[in-house]
Amino acid sequence: MSKIEFTRRGIIKTSAAVGAGIAMPTLLTSPAAAYTNEPKGKTVTLGFNVPQTGAYADEGADELRAYELAVEHLNGGGDGGMMNTFSSKELKGNGILGKKVEFVTGDTQTKSDAARASAKSMIEKDNAVMITGGSSSGVAIAVQGLCQEAGVIFMAGLTHSNDTTGKDKKANGFRHFFNGYMSGAALAPVLLEMYGPDRTAYHLTADYTWGWTQQESIQQATEAIGWKTAKNVLTPLATTDFSSYVAPVLNSGADVLVLNHYGGNMINSLTAAVQFGLRAKEVNGKNFEIVVPLYSRLMAKGAGENVKGIFGSTNWHWSLQDEGSKAFVKSFGKKYGFPPSQAAHTVYCQTLLYADAAERAGTFNPCGIAESLEGFKFDGLGNGATEYRAGDHQCFKDVLVVKGKENPTSEFDVLEVVKVTPRAQVEYPVDHAMFAGGELGKCNSGA
Amino acid sequence: MGIFEVKNVSKRFGGLQALDNVNLSIEEGTIHAIIGPNGAGKSTLLNCFVGKLMPDTGTVEFMGKSLLGKKPHQINQMGVSRVFQTPEIFSDLSVFENVLIPCFAKRDGSFELNAFGSVKGQKDMIEKAEQMLIDVDMIDKRNDMASAMSRGDKRRLEMAMCLAQDPKLLLLDEPTAGMARADTNNTIDLLKEIQEARGITMAIIEHDMHVVFSLAEKITVLAQGTPIVEDVPENIKGHPKVQEAYLGTAN
Amino acid sequence: MDAILLQVLNGLDKGSAYALIALGLTLIFGTLGVVNFAHGALFMIGAFCAVTLQKILNISTISLDPTKTDFLGDPLKIKTPLVETWFGEIAGQAIIDWTVPLAVLFSIPIMLVIGYVMERGLIRHFYKRPHADQILVTFGLAIVAGELVKANFGATEIQVPAPDLLAGVTDLGVYLGFDVGRVAYPTWRITFFCFSLAVIGSIFAFLQFTTFGMVVRAGMADRETVGLLGINIDRKFTIMFGIAAAVAGVAGVMYTPIKPPSYELGMQFLVISFVVVVVGGMGSLAGAVLAGFMLGILESFASMNEVKSFFEMLYLPSIDQIIIYLVAIIVLLVRPRGLLGKAGVMED
Amino acid sequence: MLKLDKKDAVTFLFVVAITLLAPFIMNPFPTESGLAQFNAGYPDLMQRFVIFGIFAIGYNILFGLTGYLSFGHAAFLGMGSYAAVWMFKLLTMNVIPALILSIIVAGLFSLLIGFISLRRSGIYFSILTLAFAEMSFRLAYSVLTPLTNGETGLQITLKDPRVLDAINTTGHQPVTSLFGLEMRNTATLDIAGWAFQFNVGYYVSAVFMLIAFYISMRIFRSPFGLMLRAIKTNQTRLNYTGLNSRPYTLAAFVISGMYAGLAGGLLASMDPLAGAERMQWTASGEVVLMTILGGAGTLLGPVLGAGFIKYFENIFSKINDNILHSWFSFMPESLETFFTTIIHPFVGKGWHLTLGLMFMLIVTFLPGGLVDGGTRIWNRIRKNKKSSSSAASSTEPVE
């Protein structure tokens, strides 16, 4: 036992060999692993940390489906999905670096505490080399911080707050999903085109970090096209009946309502807004309009009829006609019988991107992977030409402006893509004011 | 001047005059009974003694100190213990622990944060509690759960708990209510014993004439919230006013 | 002025939902002496009765449309609801349109049975147990009910729209001399409010004017005495539990167009309805109704910008986040028995 | 020993032994075996066992001994965490100042909230604490974001001042430590397929848990503890025995609040993040469940209950369909599908359902909790043994 030593790393291994017929184990030290959870056997374990309980359980379930599909493809099963359309051709369907991909799943409960606990157990117990998933920014930022400390890679799932790659960015964390700033930058030109420059917006904003950053982004983007902001009202997260927040909009003089809400909040506030007849109203001689900056198909489905004709932005949509999207929708649809959501798409991409980076780096060492992801340019994953920016680990790609479909043909057909906003339009410098205040730090491999 | 002085106490509930100008004086070392028909205000009066109710007017003094506005535990600490109509004991604790608690209350006052001393280390308290159980002849039930005892034993235990505090005044609220005759007689004997051995002043609120006349040295009759007669038992029997109160007016 | 009127309307609307749930809760407490943490779950189950009926009415025959394709490139499936096939397109669509009102009828027998089974199967074993045990076992039941609903309907909200006729807005302001459009209020919410008043009224009438109701009220006042009269009060209380469940259920059904239900609906309303009950006074029916409306209106006012900024000056930002709890704490401290609670009922 | 009587000393030594040997006991299955899924011997979960053990031990003093059902104690745990993380940010990464502050902060808040809530008892007390908990959660989640960092949770960053620590130039986040001994350090002992993990953070938490357990034991056996039990069974009699129940209940409330604060501080010391969710009233519901499940009012119950719940939360929620299929893969396919379908709703994403059912079953059938159940079974076995041995002895003469 005296040979067990403590170092500044998380985990050291001391191994013991048992001699045949000898009851007392003889202790031998093996050279310490080069980085956290270095896979020694024939398999490598990835940790999929998604909300399985709570309000975002449906998003989490869809993410899990996509993860399973990605693992199947990486291990050479199925039709290969987007591996065939991906611009990098390193992935051969023989796992990652020749090791078969296995996975463990955990429940984030959409609580930063529970998510960290779940990620920790994946790292400590199941020896996961990479953690991915999540369906809220709070969770993503919390887990990203943990992965940084533990020395594993974090491939963020659905997280839209500017902070994830802004003030809370971390060297070990990577985000494929777009963010609040991009939503604003993509939406503003479309809103200008549709509703004109002479508009007054009234914001209802979920009263917590994500709501605030998105509201800030949208306000800035719309004011840049000449809109005025009548008011920004913060709504408690636990609100179920938004009537008392919607009613004052009626006579406020505003002619656009921006709902900075997500999930159940968005469904409830939109329902209330439609009930109050806002959409049928005319103000200042113009039709009253509602905007939902961040859309997801699952949410749109929950809002039902109410979303028809309402604009918003989204990361990806299954109706896209590029080869990558088509291939993904096909293999997902065949396996599960319905099209994938944007959450499913993002986590599938993240898994492939991680695997590819490992292949290109020739190692699972987080620092090697981080290096090969930084500045990586790729295509064929459904969003057109994309780049993982080195400065903040944010993916830059085209952003979709969508609107609720007027005449849906099926229960999945609730959104239609109005415009694919080119990447150049949503780009911003690393030190943009809305993203300032944090630093990446150095990559941590746990060694 | 008695040990317990009640002067001009009145209490009104909405339209009902529950107590109307009650005056009462209890001599030290005596057993004083308060009787009266249902609704005469006996319980209200008792509640005014123990701090549960605040009378609208008047004073209640014990050994020259006012009890008004004091909380039940403060009144108890002054030396007034109370026995309830249905025995109030710590049913989930053992008989021994039931008696131990008042011993601590007597020694430590109304609050003492003794969180580290072991109960078993408090030898003097344990001896006192054991002696108390021997006195009431319950030492063989020492480790039984209080909830498992018969009604009579519960009454006996409650009495022991009160006595463990060496009260100067014992208030008894219908101590034999709902008891079988045999139990009632036992209780009467127990109270007599206590009175003889310790000379504690007692005030008994009672409805059962048999109990009252076996115990009391003085009786106050209450009717419609006001004392109509106060006298020794012999004179109460057959007193016309008392008959009127219990049987209603003849005309 | 119009802003205040709108918030009063909102408050009455919210308040009627609170009142309906709290009414059942306090009825159960008053009759059976049970603190039922699963009462919010009954509201949620009611809402999902509407969802279920919507699903049943939309059971469809599937035909293929070869001219259109679905997301995989296969021919598009066209669904025709069976009710349309049976009753013709217009009548069928009308039936589907009126799902929510139909669901009220649909839910009543279901909720009565659920209430009966819950009382006989679980609650009755807890009459003699401490309130803490009652709270815990019904809390467990609420979790189970929520999880079962989630397993069958998913975690995302489900829309059950109001009938087209009642889906628009009604301009109440013009009757009061406001300009057109100043006080336009959703018709369904007005319907919900009227419906709630009717339900509350009938419960009071039922308790006041029927023999059954009189016995129940007497039992609430003094259970033992009524039991001594040879009346089987337990049986009557079981029925009361069923009625309380049904009230929560129909409230849930009628609330679906206002707030699309999800499995968390029960928990969302649980805390607030308890606050309503204690503020109104445990076991007081009138108190529950009064407190429901009062808290609904207070909550609505607290969300007004003018009120919020006033409290900000008092260093209380986001007053709308905490108003309900603040009020509850103050009421419980100042008037422990609640607004209309009887003296001595759980008051110490 | 340690001023405990013999029976208690044995119990205490038993707890000490279990705690120290936990890395072995919690890891019964070899790493490569299919049952390794059920191993709990990894640092994070073992830390949670003892930390939530502390929380439940403290809560038991209020709920188990005194009979006050509080739905607000998670708030004190949360406040403890926030206080600790602020210490890590401002002062030093050493856990001692952080723990001291978290106990103090939780103690002060519980004094305030307890003082107000304890003016009522019974269900009103529960609702009052629930209202306070919900208020604290909402304030922490949004209104007080500058203090709590809202939804994201309060984290340490590279830029924090940490006035007592040397300036950090590594570019890495500093880690929590006890005078240089880092909480995250783990030594792994590999023996014939088993991998046992010994984690510094676990042992530090375990020592605190043992102290907490010892203190609670002394409280149980003290006159103060006797008074608390008396309050639970009959508060009226207590008042008419000259005892003022308010300071007793308040003391119990504050002690349990400080236990919660310590647990919160330790949670933050193991993983320097404080999230608002840990303050929600449902989180308090979890500690109620732990106490009830293990046995409210018993010494060992809460620790046992905390272990059970945390095990369920962490192990059951990770059993997905893939794992289920692999368990039953030896069976014919129809049987395999049958078993997977039966178990599926209760594990993985359905673990809340299992939790709810467990809640109901325990409260209904085993109100005394596992400890009570265990005692009953033990007594029955002993009785059987006795009766069988007496039966044997009675038959002897015949032979």
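By letter and in written order, the chains are A, B, C and D; residue numbering begins at 1 in each of them.
To be clear about the criterion, a residue touches a chain if its C-beta (ideal position, glycine included) is under 8 Å from a C-beta of that chain, and two chains touch if they have at least 3 such contacts.
For clarity, every value in this text was computed on a predicted model and none was experimentally measured.
Chain D has the C-alpha centroid lying closest to the overall centroid of all protein C-alpha atoms shown. Between the Cα centres of chain A and chain C there is a gap of 36 Å. For this pair, chain B with chain C, the centres built from the Cα atoms lie 50 Å apart.
Centre-to-centre separation of chain A and chain D, using mean CA positions: 33 Å. Centre to centre, using the average C-alpha position, chain A and chain B are separated by 73 Å. In chain A, the residues that touch at least two other chains are 57, 207, 234, 236, 238. The residues of chain D that reach two or more other chains are 138, 142-143, 352, listed in rising order. By the definition of touch given earlier, these chain pairs are in contact: A-C, A-D, B-D, C-D.
Of all the residues in chain D, the ones that touch chain B in their complex are 3, 5, 218-219, 221-227, 229-230, 232-234, 236-245, 247-248, 251, 255. Interface of chain A with chain C (complex): residues 54-58, 207, 231, 233-236, 238, 240-241, 243-245, 247-248, 250-251, 264, 267-268, 271-272, 275-277, 280-281, 298-299, 301-306, 318-319, 329-330, 333-334, 339, 409-410, 412-413. Across the complex, chain D meets chain A through its residues 39, 42-45, 48, 138, 141-143, 145, 149-153, 155, 157-159, 170-173, 175, 181-182, 184-192, 195, 197-198, 200, 271, 273, 275, 277-278, 313-314, 317-318, 320, 322, 348-349, 351-352.
Those residues of chain C lying in contact with chain A across their complex are 2-3, 6-7, 9-11, 13-14, 17, 68, 70-72, 76-77, 150, 154-159, 161, 167-169, 181-182, 184-186, 188-189, 257-260, 262, 264-265, 268-269, 299-300, 303-305, 318, 320-321.
Note for the complex: chain C touches chain D at residues 35, 122, 125, 129-133, 135-137, 139-144, 146-148, 151, 267, 271, 274-275, 278, 282, 317-318, 321-322, 325-326, 328-329, 332-333, 336, 346, 348.
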